[in-house]
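I'd like to ask some things about the structure below.
For clarity, chains are labelled A, B and C in written order, and residue numbers in each chain start from 1.
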Amino acid sequence: MRAFLRNERLMLTVLLVFALLPPLFQLMGQEYLLSLLNRILIYGLAAASLDLILGYGGMVSLGHAAFLGIGAYSAGILAFHSYEGSAVLNWPMGLVLPGSESLLLALFVAVVMAGFFGLLTGSISLRTRGMHFIMITLAFAQMFYYLFISLDRYGGEDGISLFGRGHLPGFDLNNDFIYYYLCLFILILFLVLARRFTTSRFGLVLRGGRDNEQRLRALGFPVYRYRLICYALAAAAAGVAGVLMAHQGEYVSPGLMHWTKSGEIMVMVLLGGSGTLVGPLLGAGVLLLLEEVLAIYTEHWMVILGPFLILVVLFARNGIHGLLMKIGGRDD
Amino acid sequence: MSSVHFVPVFLMLLFVEQLLNGLQLGVMLFLMSAGLTLVFGIMQVVNLAHGSFYMIGAYVAATVMLKSGSFVLALAVALPVTAAVGMLVELTVLRRLYERDHLDQVLATFGLIFFFNELTRMIWGRQPLFMDVPPWLSRTVELLPGIYYPSYRLLIIAVGILVALFLYLLFSRTRLGLQIRAGATNREMVAAMGINIRVLYTLVFGLGALLAGLAGAMAGPILAVEAGMGESILILTFVVIVIGGIGSIRGAFVGALVVGMVDTLGRAFLPQIFRLLFDSAAADRLGLALASMAVYVFMALILAWKPRGLFPAPGN
Amino acid sequence: MIEPLLQVESLSKRFGALRAADEISLGVAEGELHALIGPNGAGKTTLLDLLCGLTEADCGSITFQGRSVGSMSMEARARLGLVRSFQVTSVFPTLTVEENLVLAVMAAQGGNFGCWSPPLDDVQLLQPARELLTRVDLIQKSALPAAALSHGERRQLEVGMVLATAPRMLLLDEPMAGLGPGGTVQLTRMIQGLKGSVTILLVEHDMPSVFTLADRITVLVRGRVAATGSPQEIRHDPAVQEAYLGRGDDA
């Protein structure tokens, strides 16, 4: 219980830092940092959604970027048709979906699409265990990657460039500040919902399945169904992150779905500490900052980042979150 | 009259050629997956960095070939080097991960990929290397009347089949092979038999790296040698292993050939077939999209039917 | 005379030439703690396998609550309340002790797809869980992760989770195996506390705890019932002493 409270406190602190940094950057005249911070925030959301699958569900998915990409393309394709003045869908019986730059519509479509494909691919993937699961999730993500590469209409390998950040009534999203705080609001909303979800009956069963699937079955729980629902919900949340990412960078490309992107998000979760929700935020922050800082000193920064990850795995098993909890534990 | 005959004959020639291409890709995939499936099956380790050995094999072979001009010498250097790198990786990193869960293994070997990709960029630069087909292999051979095929690609197929045969004999006829197979099913038993399991693991890992290096070195003259080249074949290798069943060499062989064929034939014929069935350019694109997704769809179907692959090794 | 809760008549099971169970008959009354002892290979585990439905008998009958259960599946018997706790303990290591039990109570109550309210705030779950924790002597440890428990405490937790399904009769398979002296004493105390509220058939090698706990004891030797009686009678039964106790286990 005390660990839970400390975790809660850490999360509040982190969110407070996210809320206070932008004005600080402005005071220091370092506005360009805002865009980095915004990226950290969005990747943090993506990583936290993966944490539901990975940390709470115990399912090692190496294909989460697919849902990020599906979300991003939902926004990209809607906007593309809006620029073109054409319809996204033009089916008989009046089933027409026109292009649109509305952020809310993009979010809605992304949640539905990512959730649906999460359900679909999850229903097959979750029949497998262990290494098979890792690889089948990876393969599904590659499938989406190649699918979008072959869609010449939507730029193929080059993707879609967006003109502006889309519309939300009452807000000017092209203002970096406003867009940043919108993302922060969505992140907080997600964290509140996810916190409830993980501490609910559903979450307890999920964590039980991570610990000891056999025993949970013996108790009579349908483990598969719980996992599938969790998988689809996390996919939908990643879809939201994808929309935010598309509008933030004003660009969508298949590269978002490449398996190394899935790997990167997974690194964020583990680096920060899985099964904590706040850990992935920290992980996203540290990884993106590290990339940024190392890149200043050498173009070959990956040669340092690689061994760093290995060291984290070997010696800091509970990630940054674990280290912070240890430090916090001494104070108590 | 002649054109009526010409079309089927032409299609048949194309088909045979694509069949051989599929076989060649399958053989490459087998070299990659044979070692990896053993590592998965015996050590229970997810090793994402297997593609790095392929890349290292290609780079070392290309460098030696450019300096000396001898393909044989290139192979003779590349194979022991990749085996040594593999064993070094096992001793320093992988060995510490055997008792960890898959998540840790994925993360650490992902770090290895970063490291090796960047290291090759530091040593060889960002420009890809191009390796020539050795002159004595640059001819084409007339296999059947009218069917010509590059002799270098035939060599790859031959090497692959020889390796498969060698592995078959190693595992069915030798003591070492028996121990490795036993290790795949029951670790405790092997330890109880008094076999030094650590040495065995290092050797198996080295063997896997060597085979990956061989695949990379042979791929050099066909593909561009560049950082990150290991990852595209790595994913296909995973598909092979999952289809074949983790830990099974036989599964890897069957899976590799099937995946090689599905991928090659899919890319060659799916767009054409779609063009015949529908007529628009959209159908063409759909065909292309499906062709690049074919192996993954195929794998999903296999796993939906048999969640542990076609030839699941006992104990996995 | 009241009909016993569990009645076994001439139960036999052969594995090849080995008579693992040979015409075994015994009855366990409601609320009784009945211990099953015997030298290694006497067929105690085989008998438990037969009772819980893991293996099927060659002949003979098993009657539980007046119903013949001999051909029922393990799950069906468990639903009737005849539940076995296995030698291998199986709990959820990273969940707290309390969460382990809440999960078991949830399983018994059903309706668990709720995504909103935390189960740890739910009195309907928490109260039975706390009661069970008290019954298995773990209420002090309820906030610890199960991984932090000692070997014996995990057994207690496991029994608690089994009790959450409200069994009529527990089949306990060597709960003391592998425990140190301290753990044995603690677990004995816990089982003592369960006595009366649930009927127990206990297979155990540790003689002091058997003689402390049991209302009646059945001695198995080579698949046959050598004697049945109160601990006092068993202690002084010459045949038992010769066949079993005489070897110095409990001199």
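As a working rule, contacts are C-beta pairs under 8 Å (C-beta built on N, C-alpha and C of every residue); 3 or more make two chains touch, one makes a residue touch a chain.
Just so we're clear, the structure is a prediction, and the values are computed from it rather than from any experiment.
Asker: Quick check on this structure: which chain has its C-alpha centroid closest to the centroid of all protein C-alpha atoms?
Answerer: A
Asker: Among the chains here, which has the CA centroid at the largest distance from subunit B's centroid?
Answerer: C
Asker: What whole-number Å value describes the gap between the mean CA coordinates of subunit A and subunit C?
Answerer: 47
Asker: Could you work out how far the Cα centre of subunit B sits from that of subunit C, in whole Å?
Answerer: That gives a centre separation of 54 Å.
Asker: Report the inter-centroid distance (CA atoms only) between subunit A and subunit B in whole Å.
Answerer: Centre separation, subunit A to subunit B: 32 Å.
Asker: Going by the contact rule at the top, pick out the subunit B residues touching subunit A in the complex.
Answerer: Going through subunit B, the ones touching subunit A are 40, 46, 48, 93, 96-97, 100-104, 106-108, 110-119, 121-122, 231, 235, 238-239, 241-242, 246, 285, 288-289, 292-293, 296-297, 299-300, 303-304, 307-309.
Asker: Within their complex, state which residues of subunit C touch subunit A.
Answerer: 90-95, 99, 102-104, 106-107, 112-120, 143, 161
Asker: Spell out the part of subunit A that touches subunit C in their complex, as residue ranges.
Answerer: Residues in contact with subunit C: 1, 196-197, 199-205, 207-208, 210-212, 214-216, 218-221, 226, 229.
Asker: In the complex, go through subunit A and note every residue touching subunit B.
Answerer: 54, 60, 62, 121, 124, 127-132, 134-136, 138-140, 142-143, 146-147, 149-153, 259-260, 263, 266-267, 270, 274, 300-303, 305-310, 312-314, 317
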